[in-house]
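The structures come next, written out as structure tokens.
Both complexes shown next keep chain A, but they swap its partner, so chain B is in the first and chain C is in the second.
After this line comes the complex of A and B, so read on.
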């Protein structure tokens, strides 16, 4: 095994494979920055180019591109409040307020370093776990994945504020997201639902226009209302010092970063759970690690932990997703499904062969994840100061460019003008939600997971009737979900007791 | 409540399998929205509850001015979408950016032109040349057969 580990490294360091990895990284850097153009779509676009490559070169190219996109997606989330990737949406919640507070450099430094730590942990787990992860993957069927998705939504709902009102709003938004995901053809029977006679809605609402609209448009509106730069009237911070401070924050909260990386790896390992869940569960964990209600109130206003958690989970998830993909041919997420196409083009069969005959190639993927992220972080650190300066440019100059990126990005989802209208509608809805205090994250997660939840529910009921509710792992997940839902009420009761004691 | 009621009423006409998930999500949504309405109308002030972990809109701008600016930016966004529909992205992007910079941001014409050129180069170089993404022609071009 040690020989395979070294051979894997040597495969990546061959000049052709290394050059192709750098090209892929360059492409992934740009794709990650651009809202709407996802890493998965770009993977699909690049597949035809790998026909003439060797397997090591092909995976260095594809994985270099994909792993970097997950890192750079955080940059636009922080600078403009526009998620560069769907998996970078959670970074907006605290990253953008930090930019508005004049701490863009610090947020970027923290996002990059936590991404690097997450990527390295993900790569390490991938290297160590493949021989032993089989029982875990095989023990998670549709009922368990259903409960995991519902637990993810419950985690996010717990961020909606303490007390009955906060929780009601959060759950209502989660259910609204789930309901809107039913628009279009029902997967099992093909029946059309809520299409309103529009052919555009037969495939349902696309994730990209909804996500980009609901996060980006409210920010743009707020920037226009303020009439200032993103960082307000503040004097420019010492950006390099801010970046260094952000890097130090990663090590100040090191165990939080490690825990969130573990969350990302675990969710990545589970086929079908998706990156959408990992970032929000990690964010929810970061919030719940707050010492008390007053500490918790800092989240959403520019708390560095709100950037560290999702940043780590987004990248560690990559390593986790590769485990079932390489070892069992079961894609860990959407992008991994496309990567499986790469395996077929190369004439490789995921499974036992990848852990025996082609073990060096498997380890080359581990090394690609690690090396690509290290190089990206080092290069980004040189550029971050300049990128953070964008937050001091007058809002009137930034807004048209951000709008251009937002709408071109939305358009690329399906190539239809209707996507722009969807972006506008959900952007307006997002603004009203923020204005009246209705949380967006539960809605987004409900929408992202809705189709999966319905499919898992259908398979669970068809296969097991209702006896799946008594499966051991399902029972554990139900208990954990109940705990997550009850936790904000427990916290509120504690804070009321403390206030009562303080008053006396 | 209206959305949930509409969903539940519409779903009743479908088969069990098709209506199950919309009903399973629409009915709780209706109940929760109703509960929230009751709390808003008759509930006590929850001063001890923490705020939602969400972005906060700026509050230092005069409300009347804020409303004007919101209406203004929404009009610009709607105008951009209309422009894309009429003339397609390749023409709409530079036209929108130039007019926004000149009319809304009150930037001088030299800077507006330079920034518009940069934006158009980014659009053409990245989206059309490098990524080769297809952009539909506008309604006017298709009407005139250009």
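After this line comes the complex of A and C, so read on.
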């Protein structure tokens, strides 16, 4: 195994593979900055170029491009509140308020550094986990995956405001998200639901236009109304100092970053969970780490921990997602699906062979993820200072540019005018939600997890009846879900008690 | 409706140097142009991989050596792309549909959204038929179809949902050949079904023969029944249509088998000038004999076999010619792919 580890590194460091990785990274960098055009779309476009490459070269090229896009996606999330990719929407929640507070440099520094730590932990865990990965994945059947999705939904309690009012609003939004996720053709019977006679809706609402609309449009309206720069009328911060501060933050909250990286890897390893989920669970975990109710209220208003959590999980899950893709041929996410297309063209079969006969190649993928992330973060850190200046440009000049990014991003989802209409509708919805104080993250969580819950609930019940409820792993997950739901309340009570003790 | 024009443009620019064509004295329609292969799916999958491989080689056999690119236009189980090429695309021989022949079944079922007639496309030919096979976990005692008929309990079939081969093939065997199956549908992809087999959550799995072959080679499943199209290694398996116990069942299995037999067929819009259709047909026939093309197909484990344009049209016409009785029953068992 150690041999394979070294051989994998040597495969990446061959000049041809390495230079192809750099080319891929260059492309990924440009595309990652454009919101919405995720790694998946770029990978699909680049597939025709791998015909003449060896497998190690092809995967260095494709994964190099992909891992950069995951990191740079955070940049527009923080600077403009426009999710650079479907998988970096959680960064908006605290990252953009930081930019508004004049701390864009710090937020960017933190996002990049936590991404790097996340990627490295992800790669490390991946390398260590390879011997046990098959039994681990095989122990998660449909009922277990269902419970995991439900546990994700239970995170709503942490993503909503405190108190009964906040919780009710949070769950109402979560259910709205669940409801909207049912639009389109149902997987079990093929029936069309809420399609309104439109072919566009057969495949359901696409995540990208929905996210971009719901997060970016309200911020653009807000910016237009305020009539100032994104960072208000502050004097520009000392950017270099801000970035350094952000890097330090990563190490100040190092255990949080490590835990969120672990969350990312674990969710990535489970097939079907998808990249959209990891960042929100990590964000919820960051919120749970708040010491008391007062501390918790800082989230959503520009708390550095809200940037660190999703940033770390986003990149660590890339390593995790490789596992089901490589070992079982089940893509861990959209981009991994395209990577499977690459396997096909290369004549490789995903399966146990990838963990034995082709182990060096699998390790070369892990190495690519690690090396590409290190290079990207170093490059970004060098350029960051200039990027953060954008938040000090007058709103009137920046709005057309951001709107352009928003609509190009949405349009690339399916290349249809309807994508723009969806963005507009969800932009309006998002604006109303902000205006009346209804939280957006629970909506997104419900929307992302709705399809998974439905799929696995149906399969679990039709396969096992109700006996699936007695599976041991399911029981453990039910207990954990209860804990996730109850945690904010326990926390609240404990802090009240502490206050009571302090008063006497 | 054009997907990702920005990025397509980018790709066309990137690809120009790759196919730098020698200067030609005669003016030629295709010289310096871009031919677009439109496919109604996105992501991975053997249809997309096959189309990519065709795109990789088609240009060199068309006089003028145009650039050939693949454009994904996903939506409504290939209907969106098929409608688009039939009605919207310019019939100038620069837009080619990489079809999924299942759309003919939608036309047969008179699905409201169908705005094309497969018989009016100019077909260029097909790169080969797809075989389908049904398999069962190797650790189970059932060795052949007769064992499955006599099974004491229903065997669990994992499927990706109505309309897919994974679902319809076992469904018809259950309804018309007496297989003891219980279908659990809704797995997101074939990979997920195979994972379910390894977890012992599912017992039986049907898919394209090439996909099943890989799982057989890994020792996960053994193949039991195949569809009409024979693929290497599976020639001796019983064919589903022969197992059917009624003529109605056989007819409905036939409807499901026809698109697979047509396979990965390509077409241009109805009003395309005849000389360009002829040019493209000729180029297409040459591509499928190209040794490099065949080698890439072999690597991707896709069997390429040339099926002529006439044969494709003949098969579509036969498929659409069904008796009212069969048409009426068909709707119960065959639905559109999700």
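Going forward, the second predicted complex is superposed on the first by the 489 of 504 C-alpha atoms of A that agree within 3 Å, B and C clash if a C-alpha of one lies under 4 Å from a C-alpha of the other, contacts with A are read in each partner's own complex, and residues count from 1 in each chain.
In this section, contacts are C-beta pairs under 8 Å (C-beta built on N, C-alpha and C of every residue); 3 or more make two chains touch, one makes a residue touch a chain.
These numbers were taken from a predicted model, which means no experiment stands behind them.
Enquirer: Considering only the touch criterion stated at the top, classify A:202 as touching first (chain B), second (chain C), both, or neither.
Expert: second
Enquirer: Pick one for A:414: touches chain B only (first), chain C only (second), both, or neither.
Expert: A:414 sits against chain C, while chain B stays out of touch.
Enquirer: Using the superposition on chain A described above, determine whether A:3 touches chain B (first), chain C (second), both, or neither.
Expert: After superposing on A, A:3 lies clear of both chain B and chain C.
Enquirer: With the two complexes superposed on chain A, say which partner A:292 touches: chain B (first), chain C (second), both, or neither.
Expert: Neither: A:292 stays clear of chain B and chain C.
Enquirer: If you stack the two complexes on chain A, which partner ends up touching A:400: first (chain B), second (chain C), both, or neither?
Expert: first
Enquirer: If we overlay the two complexes on their shared chain A, which of chain B and chain C does A:459 touch? Say first, second, both or neither.
Expert: second
Enquirer: For A:345 in the superposed arrangement: first (chain B), second (chain C), both or neither?
Expert: second
Enquirer: After the superposition on A, what does A:224 contact: first (chain B), second (chain C), both or neither?
Expert: A:224 contacts chain B only, not chain C.
Enquirer: Per the contact definition in the header, classify A:434: touching chain B only (first), chain C only (second), both, or neither.
Expert: first
Enquirer: Looking at chain A, which partner touches more of its residues: chain C or chain B?
Expert: Residues of chain A touched, chain B against chain C: more for B.
Enquirer: Share the list of chain A residues that count as touching for chain B in one structure and for chain C in the other.
Expert: 37, 45, 186, 188-189, 408, 411-412, 415-417, 458
Enquirer: Inside the complex, what are the residues of chain C that reach chain A?
Expert: It comes out as residues 1-7, 10-11, 15, 42-46, 48-49, 52-53, 55-56, 69-70, 72-77, 79-80, 112-113, 156, 160-163, 184-189, 191-192, 194-196, 198-199, 201-202, 214, 217-218, 296, 298-301, 335-338.
Enquirer: Which of the residues in chain A end up touching chain B in this complex?
Expert: The contact residues of chain A facing chain B are 30, 34, 37, 45, 81, 92-93, 96-97, 159-166, 168-172, 175-176, 178-179, 182, 186, 188-189, 191, 193-194, 217-222, 224-227, 287, 293, 296-297, 299-301, 306, 394, 396-397, 399-401, 403-404, 407-408, 411-412, 415-417, 420-421, 424, 427-428, 431, 434-435, 437-441, 450, 453-454, 457-458, 492, 495-496, 499.
Enquirer: Which residues of chain B touch chain A in their complex?
Expert: Going by the criterion above, the answer is residues 3-4, 7, 10-11, 14-15, 17-18, 20-22, 25-26, 28-29, 32-33, 35-36, 39, 43, 46, 48-58, 61, 66, 69-70, 72-74, 76-78, 80-81, 84-85, 89, 93, 96-97, 100-101, 104-107, 115, 119, 123, 126-127, 131, 133-136.
Enquirer: Within the complex, which stretch of chain A touches chain C?
Expert: For chain A paired with chain C, touching residues are 37, 40-42, 44-45, 47-48, 51, 137-139, 141-142, 185-190, 197, 199-200, 202-203, 271-272, 324, 328-331, 334, 337-341, 344-347, 349-353, 408, 411-412, 414-417, 455, 458-459, 462-463.
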